[in-house]
Structures are given as C-alpha cells and as structure tokens.
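Each of the next two complexes has chain A plus one more chain, namely chain B in the first and chain C in the second.
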Partner chain A sequence: MAPLIPQGFVNPDLNLFFAFVIGLGFGYVLEQAGFSSSRKLAGVFYGYDFVVLRVFFTAAITAMSGLLIFSYLGWIDDRLLYINPTYLWSAIIGGVIMGVGFILGGFCPGTSMVAAVIGKIDAMVFVAGMFIGIFIFGEFYEVFEPLYMGSYLGGIFVFDSLGMSREWFAMMLIAVALMAFVVTQYIEDQINKVSFEEKSSRPAYWTPALIIIGLGVLMIMLPSQPRSNWNETSAQKLLTNVVNGNQLVDADEVAYSLVNGKDRPLRLVDVRSPEEFAQFSLPGAVNIPIGQILENQSEAILSDKTNKVVLYSNATTLSSEAWLVATRAGIEDLYVLDGGLNGFIQTVFLEKPADPAHNMNLAYQNRFREKARQYFLSGQSAASPKTLSVPVIQTVGEKPKAKGGC
Partner chain B sequence: MKNQEVILLNTAGVLFAIFVAAILLFQWAIAPAYKENNAAVLETIAGHNHYIQPWQLEELIKTNQINSHLIVDLRSNEEFNRGSLPGAVNIPLNNLLDQKSLKMIRKASGDVLLISGDESHSAVASALLKSKGFTNSKVSATDYNYIRQNVLDHFQPASAFSVAEKAWFDYPRFFRNTGSAEEQRPSVKPKIIQTEIVKTKGGC
Partner chain C sequence: MKNIPKPYMNPYLAGFLLGLVLLAAFFVTGRGLGASGTVKSVVITTVGKAAPEHVANNPFYSEYFSEGPGPMKNWLVYLSLGVLAGAFFSGAMSGRLGFKVDKGPRISSGTRLIFAASGGLLFGLGAQFGRGCTSGAALTGMAVLSSAGFLTMMAIFGSGYMVAYFFRKLWIS
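Right after this comes the complex of A and B.
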C-alpha cells in the first residue's frame, strides 16, 4: 500500500486486509468485463476478440506510468520495488505451457478462479487441474530444479538491455500499445466482418490516447531528477542553521552522554578516514568516512530517530561539511561536535576550571568535568553505549521461488 | 458506449491528467534550486582538494597574484573593519546567498578564496557555493587569526601547513581503552532485515 505505508498513513499490519479488498475489486472487474467466458478469452488466439490483449496492454501502460509518476512525486520509493529476476529458459518453457493450456482450456489461472466461483464446471475442472499440476511440480521438484533455476539473468530491465532511459522506454511502450489497439481492432473487424455502419458508430478514443501520450511526454520532459531532490533542504535554511550554530553540540553534552550512557545516549558518528578511526575513536562511535555519507547504509544510521546523531572529526571543518551534505539530502536532526576531538580534549581535560565563586553552574561544570576525566582515563566510558539501539535497514530479499501467477 | 458516457469519461480523464501534470510541475517548481547535485558536491569535499594552504596564500601575495583572485572575508562587518587581508571583500556569512553577493562572486575571475574566523564556516560556504554552481571557490585551510599572525605579519614556514582537521593531541592518552579496540566499540552495523517479498503474479 505504498505510498500510504511509507508516509505513515496506513498501518502495515493491514496489508492482508487491503490485499483482500483489492482482490474483491479485481474479481469484480474481471467478471463484469466478461472474462469468465472461455470463448471470450480464447478469442485472442483465433482473432475474433482481442480484449485480453487490450486489457493487458492497458494495465501495463497504466501501471508503468503510475509507477514513474509516483516515483517522481516521491510517493513511492522505487528502491523498494521488487523486480522478478529473469530465469530465461524456465520463463520461455513456462510461457509455452501456459499458452497451450490457455487455448486448450480457455482459461488462465486468474480468470479460471473467477469462472469457477460463478459456477462454471469446466472452470472448476481447470482449477483442479491447476492444483494437480502444482502438486506434481512440487513432488518432482528435483527433476525440474535445473530448468527452474537455470539461466539466471538477474533482475534485468528491458530498457537497460536496449540502452535507453526509463522514460523513453515508457514512451515507446505507450506507442506500441496504442498501435496494438488499432491493429487488433482492424483484425477483429476483418474476421468478424463488421459492417461499415457499426464501425462508424463506435466512439473514438482520441481523448484517452492523447492523455496517455501527454503523460508520457511529460515524463520525458521533466528534468530527470531523482525523487530525492524534492526532499532536499534549501540552501538558505542550511546557511541560517550554520550561522546560528543550531547544529552544534558542545563537548560537555557528549561527555555527559559518554559518562552516563543510559540516560541520554548520543549516536556518535566519526566522519574521518578508517585509519584515523582505527587509531582512536570515541567509545561507541560508528565510522562513516565522509565519502560514504550518502550511501544507503549510512542513511540508515544517520536517520536514527531514537537517538540524537552527532557527527565529529578532529576539528569542526570536516564534520560540518559532512553535516551540510547529509542535511541537504533531507536527513533531519543531525548535529556536529563543536570543536571536534581537539576541542573536546581541550574543554574536558585541559581547560583551567573556571572560578565558581558566583556561579553554581560553573561549579557543577567543574565537578562534572573532573568526574568525566577520571571516567575516561580509567576506560569506564567504553561500557555505556551498548544501550543504543541498532539501526535496522529493511532490504528486499530475493526470493525467486514464489512465482505465483496466471 | 452511449455518447454522454463517452463525453463524461473523457472529461474525467482530462481533468485527472491535468491534475497529475499540475502536481508534477508544482513539485518541480518548489524543489530547492540547486545547480549541482549532492553527490558532486560530496566528491569535491571528499577529494580534500579545495583547501588553500597558508603557504600558498603567502606565495600568491609575494608574487602579486593575489589580485587576480577574489578574497572573500566571511566574518561580520565589525570584525572586517578592524582589519582584514588586503583587497578582501566582506560578505558576512549570513548574506552569502544574497543576490548581491552571488553577483560579486559570479563576476570574479580566478578563484574565490574564502576566509573566516572559523574554518568550518568557510568550508560550509564553499560547499554551498558549489551546490549553487560556483565551482571556483577555495577554502582557506586556516582561520583569519592564524593568517594574520603567520602569513601577513611574519611568515613562518614551519607553521605553513594546514592546521584544519589536524589532531592536536594524542587522544588515546586521555581515553584509556582496556582490551582490544574491537571489544571497546560495539559494532553498530545496521541490522539488515531481509523482507521476503513473495511476489505472486495475479491476473490473466
């Protein structure tokens, strides 16, 4: 139920419920379009009724345009879309089997369900046959396995193989679909010997055709910004934050987090190189070298909503640059350790304790810093940061076995 | 289909298409106006090539090439008036993205050298300028005070190299780590959940 689930409008546990509702709608649509009639379905092979092909193409270009447009709008995250991997020979042979079954039986799996539900006996027999076939495949899987898993080409795209961009391929497919509509209509008329009067009383489909072509053209014309550009923070906002120093946290706050880990743990991120990180790092810090700060894994760590994320480096320069790039990309609530490690050591260890004569806060600060010093020197601070939650990235696993289908 | 039905459907279709197109164009219009994408800016930063070291500054001043570059002082007006580099222009960091400032920067031939009281300010300013499409900015690797003391007043070759992002202390001296480094740092590798999307192709 993207986009509603990523944006938080819909509870992901309702997935199955929505699947059920969508299934209801789908069955209804198929039935009212007449797809429970095997004669209508088989017409695509004999040429007298191409409705199946037209429905297929319409669905394809609608879904394709929808995905492209929604991904531009940022309503879906196209990194989460699962692409069925291509197993070449099993796809070809499976297609042949399905085609033969389609002509023989007059149904494909989805429509056979529709017809069986309304009581057609031949559809029920077809469904039974389907289950028997599935059972045989499961029982004798070892025999079929080499074919099933062979010739794996990965999740390849047609437009990649052809060397064109996604949008141009979409436009091409729209053009092909529209041509197919015209051609199949012509063939139908020839085979059914449709009279001229009937033909001219048909409504013209110019408007929908122009609409879909227009959307395709719009897709091509829009500058190909990846979706993430619309989430970027504006330059002025970045500048204001830097000028006001809103993103800085001071050494005392970090020291406090290291000393009293459970209370307000900070997620410390070291943006220096791995060598410098290996030489020394603050206890519990994670290393994200600045060159990798825009990667997906880094984004998972930086978008940690439960803890405050503080970037640090030796001074403030590198961490500020890292902060700028990450905040521009849309990550919020990032902070920078003011003064960096140099400043940290300076403040906590080397600064002369201020004269607390008139200021209780200064007295507290002195006492805290002394405690922090002892803590760090004795190595106790290493114990605390285990309380931080581990960030979780959801990736889409490849599970090629579950190919259900029509 | 009867004619009225057709007309109704067509109008609905057209309205929907206009709606979608409007949203798309609106999104495109309100996107922050960056000329350079984030990855390119990051590449410049990670290359560490955009700093200008004190000794390079000194050389520019000595060989009188300093005038072919635009020196931008990002400090506030008062600080600038108290003293700055010869030939420097004052653009307080706050006003960096104003039309006037950008025009000045655009007109500059040669590089734009950014100097500030805090190196991180110049670094951020350079990154922002790069995002806006100005590729010619260089960050002074030291702050103004350092330059004042060590470059302008009396050049000290020993301290001629960047102090930005240098470790001033031997950190392990202050944080004693008992045990090996691996033990100390609980590895916070993000836990990757493989969500198995079982894709069933329904349909006809």
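Right after this comes the complex of A and C.
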C-alpha cells in the first residue's frame, strides 16, 4: 500500500503539497522542542542540556519502530523506501566536518532554518555560511569527487554490517536509547547542580519506557515470515522448483519461439552486464543486469503475465541466481534458459545432426534446428519476416532506468 | 509588560512527534526528511543564474538541470518552506519571535556571529560529503537502519565531542 507516491496511489503533483504539510509539522516540532536556540543545542556537547539527544533518539526509534510495524502489517512496502547509500569514507569525513561545524556554529541545517525564521541572527549567519560551504564544494567538486564517490558499499543496512537480525538490532537500539536517557539525565543534573526536590518532582517515564521495551520484545517475537514482503516465496517452495528443474526452458523452445513469434510469446531477459548485452544478445531481449533485478522497473518486466519470462546469461549460473532472487522476492512464473547462451549456440548452430534414420523425433528436431539456423543466419523466416535483423547480434530492448537517490 | 516565552515542549514528547512526522514522510513519499538539500538547491539555482556555462561544465551543478523541473521545484524545497512556516507559527504561539543573538556568556555577539558563519560553512561542506545533514543523513538514515545513517550520526557527534573542549569558551562559562 504505502509509500503512497512511489506506489502511484497519490497524484505526483500533490507531492509538493505533502512536502509542505510534512514540513509544517517538522518545523513546528523542532521549534517547540527548543531547537531554535543554539545554546540549548550546543548543550549536548557540554553536558548542561541533552535535549538534542533526547529528541533525536526518541524520533529515530519512533520512526524505526513505526516502519518495522508497518512493514509487518503490510501497510508499507519497505523495498520502496529510499535507503541512504553508504559511501564509507565520504560519510565519515562528512560527519566529522559537520561535527566541527556543529560546535562552532551551534546549529545544524534544519535547526538553523527554524531559528532564523523566528529572528535568531546567529542562525541567519549560519545559513549564509552554509551557502558558502556548499558553493565551495561545488566549485572544487573535481577535487572532492574521488572521496565523494569512492568506497561505495551500496544501500547497506547497519544490522547486516553488524551481523544481527533487524529485530534484534532494533531492540538493542531501543535499549541503548533508554540507557542513554538515564545516564545523560544524571550527567545533566550533576553539571547543573539540580536540587533533590527538583529531581524528585520530575516524571519518571516508567510507562512510556515499558511500552517501548514491550514493543521491542514484540518485534523480536513476531514471526519473520511476513517481514518486508508478504508475497515472498517460501524456501521450501523454491527448493521444490529447483530440485525438479521446473524453471528450465531448453534452447529449442526459445529458438522456436523466436522463429515463430506469436504462437508462444517469450519475454527474454538478459541478466548480464550492459557491456556484454551490447556485444551480443538474443533478438528482442531486454537487459536487466542482475544487480537491478529487484528494482521496480525490473519487476514490471519480470512479472509480465502475458508472456513467458525467460532469464538467460552466458551459462546458467548468473541467470539461476537472478531467478532465485526474483522468485524469492515473489515474482512467479520465471524461467531460465537451460545451458545459457553458450548452450543455445551449441544446440542451434554447432551440434552435428544426429542420424535421423533411427528416430523420427530426431528427424523432426533436425529439421526444426535447420530451420532455426536459417532464420538466425539469413534473417529469412516464413513465420515472421518482419524481424529481418542480422544474425543473432543485438537487438537492444528498452533498458530499465535505474534512478538513484538525491 | 514583557512577554515571557512559554516553556519548551517535553523533549520525549517532541521526539515522539518528530518520529511521527518522519514516519508520515516515509509513508507518503518513501523517503524521509532533509534540510541541507534546500540550501543546495538555492546555491545551484543562484550559480545557474549567474554563470550558466560554468554550471554546464560542472557535474555537481549540471546534474540538477539535466532532468526534471529544475532545482527549485523539488520535495526538499517545499518541505523547507513548510519548516519555515511551521517554526514561525510555533515561535509566534509561544512568544519567541524577535531578533536576538544566542551565545555563551563569555563571548561578544560579533564573535558569536563569526563562529556561526564558520560553523555554517563547515556544515554546508560536510553535508555534501555526508549526502545529507543531521536530518537527511543521520536521523532519516537511522530510521531506515542504513549503515550510512549510523556512520554519519556517530561521526557528527564523535567529532563534536572531540573538539568541544577546545571551543568551550564559546558556550560555557
């Protein structure tokens, strides 16, 4: 169901309207929390005010838990969420520079906007400084580019990096946050020399703390099956398919379909790299490099119900991997070209005709393969004379467009 | 009679509400919040107006002009307009409007402004490397449990704590 806009439930023109409304909430909460004061913000680094840590951590675990729960309930398809790509050193060095900026400036970008609009002059100056900083980055982009684009690790998850399950990591983060709340409150009280009376008059937050711990435990206990995608294929079903070889399609069938066109429509999907695809591919094939197999645009092609979708690569390793991943992700009725491209060429072009005298089936097969050879080599075909392309060499299908983040 | 500002919201409640706002952003658009991206859009638009040829030769700038409706008609810019409106509304409701320089007790307003500008400069620069700031990279990244979000968050606060001692004069007595 959600996210609404990527799923096409909401007119994209309303996108900007939603942006404004969500921004209203964002700005209101930041200002109410006291983030319009640089003194308060900087307090987190000197121990006299940990409001930043409290708000930041609470918001992060709220949103994280919300996303996990929505995903369990099938309210949100988390494959459509934007996952910040990890460029290791760029992220670390950027963070270090921002940390120094935080100490010197007393703001971060969002809070400086909030503060500037209610009249904080230091915030206005901070915003002006940001313009200069971004301008410097733009002007010296070529110098920074190797660092900026380097050490790319993809859209990786922290729980994978740590070798934990998502649920355990979430639970651990909640525990760390709660401990941090207690410890920082203690530090803050020591530094500000808070009296005993004042301390004991504060709420103890037992109820919300217990609720969120309960939530964390619940997340761990929930069965992991419906996680992330409610139409995933079970491992058992996959195994059955693999063992029986149900997913394999032989070269003759593919050749037959190519020659005879409409009778048995096949959708050929080339899962090799774009370079290999450009060099050589089967007629009418679409290139979806294996790395993009789970993207939305790919899914539209792979879950084509009117055609039989056949994946191929040079041999069968890559195509079988792609088949496994896509099938696991819930795309049904996918096939793999048995023997791959190599096998296809071997079968259709290189195999010596068996002696037909002993076997009528073989005779038919030979006749058919001869016909297929004619078709691919000469481009002459009685069945579909309109696709008279040169041999087997490349027909570039529409390549699914991979769209990056911000 | 002097207008006394209302107290700030309970931080845990504010955090919870902020989390809901973030969740709403994910629910509607599939991506979270951000702030520095808007400043980037404004910088790029300004440079684009001032020196169009320069922009065309620089991949950092030209990316924004090559497709789509241009740098200003995007999600983050409208989000920030909302942020400004929401914050102004909040400030007005709580009696916190007014020109003022917030600073530590030991420095002059002039010093504070110089450091505020340098801090902004560094933050703007760092947010490019980090591919977002505390909201776009750290908070949003943490909510989706991306490694980048946690790395950037730890780097921001880690380096903040490391240099805090040297700049203590700016903030504490």
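Going forward, the second predicted complex is superposed on the first by the 214 of 406 C-alpha atoms of A that agree within 3 Å, B and C clash if a C-alpha of one lies under 4 Å from a C-alpha of the other, contacts with A are read in each partner's own complex, and residues count from 1 in each chain.
The working rule: contacts are C-beta pairs under 8 Å (C-beta built on N, C-alpha and C of every residue); 3 or more make two chains touch, one makes a residue touch a chain.
Since we're looking at a predicted model, the values are computed, not measured.
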Contact-wise, after the overlay, does A:A59 reach chain B, chain C, both or neither (first, second, both, neither)? both
In the overlaid three-chain picture, which partner chain does A:L218 touch, first (chain B) or second (chain C), both, or neither? first
Which superposed partner A:F26 touches (first chain B, second chain C, both, neither): both
Between chain B and chain C, whom does A:V243 touch in the aligned arrangement: first, second, both, or neither? first
Touch test for A:L73: chain B only (first), chain C only (second), both, or neither? first
Using the touch definition from the top, say if A:N84 reaches chain B (first), chain C (second), both or neither. both
In the superposed arrangement, does A:A278 touch chain B (first), chain C (second), both or neither? first
Partner touching more residues of chain A, whether chain B or chain C: C
Thinking of the overlay built on chain A, is A:S320 touched by chain B (first), by chain C (second), by both, or by neither? first
Which parts of chain A are in contact with chain B and also with chain C? 23, 26, 30, 55-56, 59, 82, 84, 108, 110-111, 208, 405-406
Under the stated contact criterion, what part of chain B meets chain A in this complex? 1, 3, 6, 9-10, 13-14, 16-17, 20-21, 23-24, 27-28, 30-34, 37-39, 41-42, 45-46, 93-94, 96-97, 118-121, 123-124, 127-128, 131-132, 139, 164-169, 171-172, 174-178, 181, 183-186, 188-204
For chain A, which residues are in contact with chain B within the complex? 23, 26, 30, 35, 41, 52, 55-56, 59, 69, 72-74, 82, 84, 108, 110-111, 203, 207-208, 211, 214-215, 218, 222-223, 225, 229-230, 232-236, 238-240, 242-243, 267, 272, 276, 278-286, 289-291, 293-294, 297, 300-301, 313-322, 324-325, 328-329, 336, 340-342, 345-346, 349, 373, 376-379, 381-382, 385-386, 388, 390-397, 399, 402-406
The answer for chain C against chain A in the complex is residues 8-9, 11-12, 14-40, 42-44, 47, 58-61, 73, 75-92, 94, 96-104, 109, 112-113, 115-164, 167-168, 170-172
